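A, B, C, D and E are the chain letters, set down in written order, and residue numbers restart from 1 in every chain.
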Amino acid sequence: MPPLLNAIGCIFRRDITVALRRSTDILTPIIFFLIVVSLFPLGLGPEPAALRSIAPGVIWVAALLATMLSLNRLFANDHADGTLEQLLLSPHPLTVLVLTKIAAHWALTGLPLVLISPLLAIQMHLPPQAIGTLVLSLLLGTPVLSLLGAVGAALTLGLRGGGVLVSLLVLPLYTPVLIFGAGAVTGVIADIDIEAQFSLLGAFLALALTFAPWATAAALRVSIE
Amino acid sequence: MNWTQFFAMGGYGFYVWSSYGLAAVILILNLYLPLHRRKTVRRLLREFVRLKRSSQPGSE
Amino acid sequence: MHKYASPKFFYALAGQLTPWLGGLTAILLIVGIYLGLFIAPADYQQGESYRIMFVHVPAAWMSMFIYMMMAGAGAIALVWNIKLAEIFSSVCAPVGASFTFLALVTGSLWGKPMWGTWWAWDARLTSELILFFLYIGYMALQASIDDPRRAARATAILALVGVVNIPVIHFSVEWWNTLHQPASVSKIGTPSIHPSMLAPLLLMIFAFSVYFFTVALIRMRNEILERERHTSWVAQVLESKT
Amino acid sequence: MKTRHKRLAIIIAGVAGLTIAGLLVLNAFRNNLVFFYSPTEVLAGKVAVNKTFRIGGMVEKGSVRRSGDGLKVDFVVTDLNKRMPIHYEGVLPDLFREGQGIVAQGRLQADNTFTASEVLAKHDEKYMPPEAAQALKGGAYAAGKEAKKP
Amino acid sequence: MLDVTNLECVRGDRPLFSRLSFRLKPGELLHIVGKNGSGKTTLLRTLCGLTHAVTGEIRWQGLAIHELGDEYRRQLSYVGHSNGIQGELTPEENLRTASCLSKKPNASFIKDTLQRLGLAAYRSFPAKVLSQGQKRRLALARLVIQKKSLWILDEPLSALDVDSVDLMSELLTDHLDQNGLIVLTSHQKVDVAKKKINQLQLD
């Protein structure tokens, strides 16, 4: 196996192992996701029609916030114990290594959110055909959240108030994903053709995959200095 | 056109004049703050230079 | 080229330029406001309220323009490691944010007579709001990094990410808005505006731009003094004038 | 891997990413990311059957008929080329006037009429003195060109 | 060969040192001494390429390190203030990760190295249970595992007991014997048998 692939596999496995050993870190965002969405019926009343109309937006906003919560895990621990420095001193391109870490982050944050979303969809009385759309839109959208979030996490590494700061930096950048992610689900409920929304979510993903790892690597270099 | 009419702005006086007022405030503030800061910076730096001189005579 | 990019030379140059630019700003503003408030006729539909446009549109335009300048200078600073670009990029944000704020409030003041409500999730207002959030994030990041060099480079990266995102955000808000907002639907078309109204508008945009450069130069001079305080030329500058 | 190869790989990856993004955006625009269809497009069969979509155009002068309690409205939308009868039940927006542009969301019926579930009024964003507007009335202006706030 | 010419570093806006030049040949050790805050750590990080110098040049085998990029990092091991040890992973897993950042890990070699550094008993425990000194030893084990020619070490002897210091001297001597290069900072005396030690005083 070429050394680069070897390193990628190694880092991916390492990040997953570490995260699984600190299982509260993975569970917190997921539970948060569940709780936030469940609070809306309590605040708005259990009327199914009303819930259905707000469900796409609510679930998507909750996914955004849950991802925000988990961003800290991405680099902060590695920064504190010095393993991030070692990563920067590796002979492999940092962009690729960073992308690996983001992938591991998504596998343990985004993916569980996607998997758990049908439960919330049922809770919010979404019609059956919309549940598939919701899952698919989250599947395309949550990687973008991890990618853009990584840039924010790298920029705020080791700064005071890092957690709140990262949300200021990243949430405005999340708006397109929110608009088209929730728009796809709303569209399917209104029986509108939604291929366009999925195309655009895919385009965002391609764009984020192109730029975010590079920006994250640059930000890490600045933050480590 | 008389002045009352002018200030009334066809019934939209409030909106128009608060817009222009805020614009004026922002333009003036953006000018005043850095100019004020300039004074502070110069004062602080002068002290800084004096301090540096007295602590290491001969150099610089 | 190197000579012009040296902070010392630039400090002196900027000091000579500012009064001229300031004077130009004042003249442009006076003429623009005179034309806008006294000469331009009332609009056939909106009456006198459209005169808000003469501050709203330049402010909105500047808010975008300054962000672009900020990101462009940031990119130059990142790639070629030019100090002046770094300093210019770092002084843009407060001015840009205040113009964005001005555009938001005047947009709202315009919306009240036009739409009958203070705030509408109109495409332009919404993307202006998100731009404001981007500026706030930028300034928050800038404020929380103590080392000016690190701050400059981190914020430059953020600005670049933002600049890639701004068209995307703008487009998505526009699309979102047309689906949800009954008040306005914009399809392809050219803005039609009468010359008597266009002239003051362009003058005001020009005035705001020159104003921005004036303020930026003043801010840059402060920043240069602070960053170069260890050098002997700063010590001389401090002594020479009171 | 040599530095030059690596740079090439980065460039290729970047170009590939942008190309995919661009193709997807194009696909989105080809698919129904238009805000509304004109009656001509609808009658030419450009719209998926059995899907909700939007139709836009001018409300034809003298075509508005209100029935009963005034909540049922029938009118005709035109793009000055083709006409489309629209049926709507509900409250119309304040800016709904004959000769004004509207967008209606709903479904096409078998008899080539349109049943709207929602009607949105467009508003006009042109800036000109009253005299100029007077002079323009009728001609190009009535063609319903939309203008952006500059 | 490591060549440093006319290096100037600042931290924030505070100048740390300037006009710093030295040359280090294979088989040589450079011991950097200086007060707290004299810029020892910054110098080491600059040598690694983690921090940029204001002026000056660092050359490795005759080429500037920022041009060499990954070629330079392929030959460099760094142990900084923090040990670079992930607490949730066992010592063995830590070494395996460190190793595969540059090449394929060799399980038996990792085992031997843990044995040599007296960490074999902790192989299956998470590294967070190790004491400060043990963690430091684990960080040093990384040097052995990675088999690079240039070692850059920031206070490698801190938190080590007498036996471990001896072990460290042995590792350093071995490395110099194999024509390796070492740059380190230390408040203690560095005891490397019969080897050339250059001292660099920062102030």
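Heads up, the rule we're going with is that a contact is a pair of C-beta atoms (placed from the backbone, for glycine too) under 8 Å apart; a residue touches a chain by one contact, two chains touch by 3 or more.
Quick caveat: nothing in here was measured; it's all calculated off a predicted structure.
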item: Given chain B and chain C, the chains that contact each of them; value: none
item: Contact-richer chain pair (by C-beta pairs counted) among A-D and C-E; value: A-D
item: Most widely separated chain from chain D, with each centre as the mean of CA atoms; value: E
item: Chain located farthest away, centre of chain A as origin (C-alpha); value: B
item: Distance from chain B to chain A - Cα centre to Cα centre, in angstrom; value: 42
item: Inter-chain centre distance, chain C versus chain E - centres from mean C-alpha coordinates, in Å; value: 48
item: Inter-centroid spacing, chain D versus chain C (mean Cα positions, whole Å); value: 33
item: Numbers and ranges of chain C residues touching at least 2 other chains; value: 42, 175, 179, 229
item: Two or more partner chains touched - positions in chain B; value: none
item: Sites on chain A at which at least two other chains make contact; value: 93, 200, 204, 207, 211, 225
item: Residues of chain C defined as touching chain E within the complex; value: 146-148, 227, 229-230
item: Complex contact set, residues of chain C against chain A; value: 78, 130, 133-134, 136-137, 140-141, 144-145, 150, 153-154, 157-158, 160-162, 164-165, 168-169, 171-173, 175-176, 179
item: Residues on chain A engaged by chain D in the complex (per definition of touch); value: 4, 93, 95, 190-193, 195-197, 199-200, 202-204, 206-207, 209-211
item: Chain A - residues contacting chain C, complex; value: 148, 151, 155-156, 159-161, 165, 168-173, 175-176, 179-180, 183, 200, 204, 207, 211-212, 215, 218-219, 222-223, 225
item: In the complex with chain B, residue positions of chain C that touch it; value: 33, 37, 42, 47-49, 51-52, 55-56, 59, 94-95, 98-99, 101-102, 105-106, 109-110, 112-113, 211, 214-215, 218-219, 221-222, 225-226, 229, 232, 234-235, 238
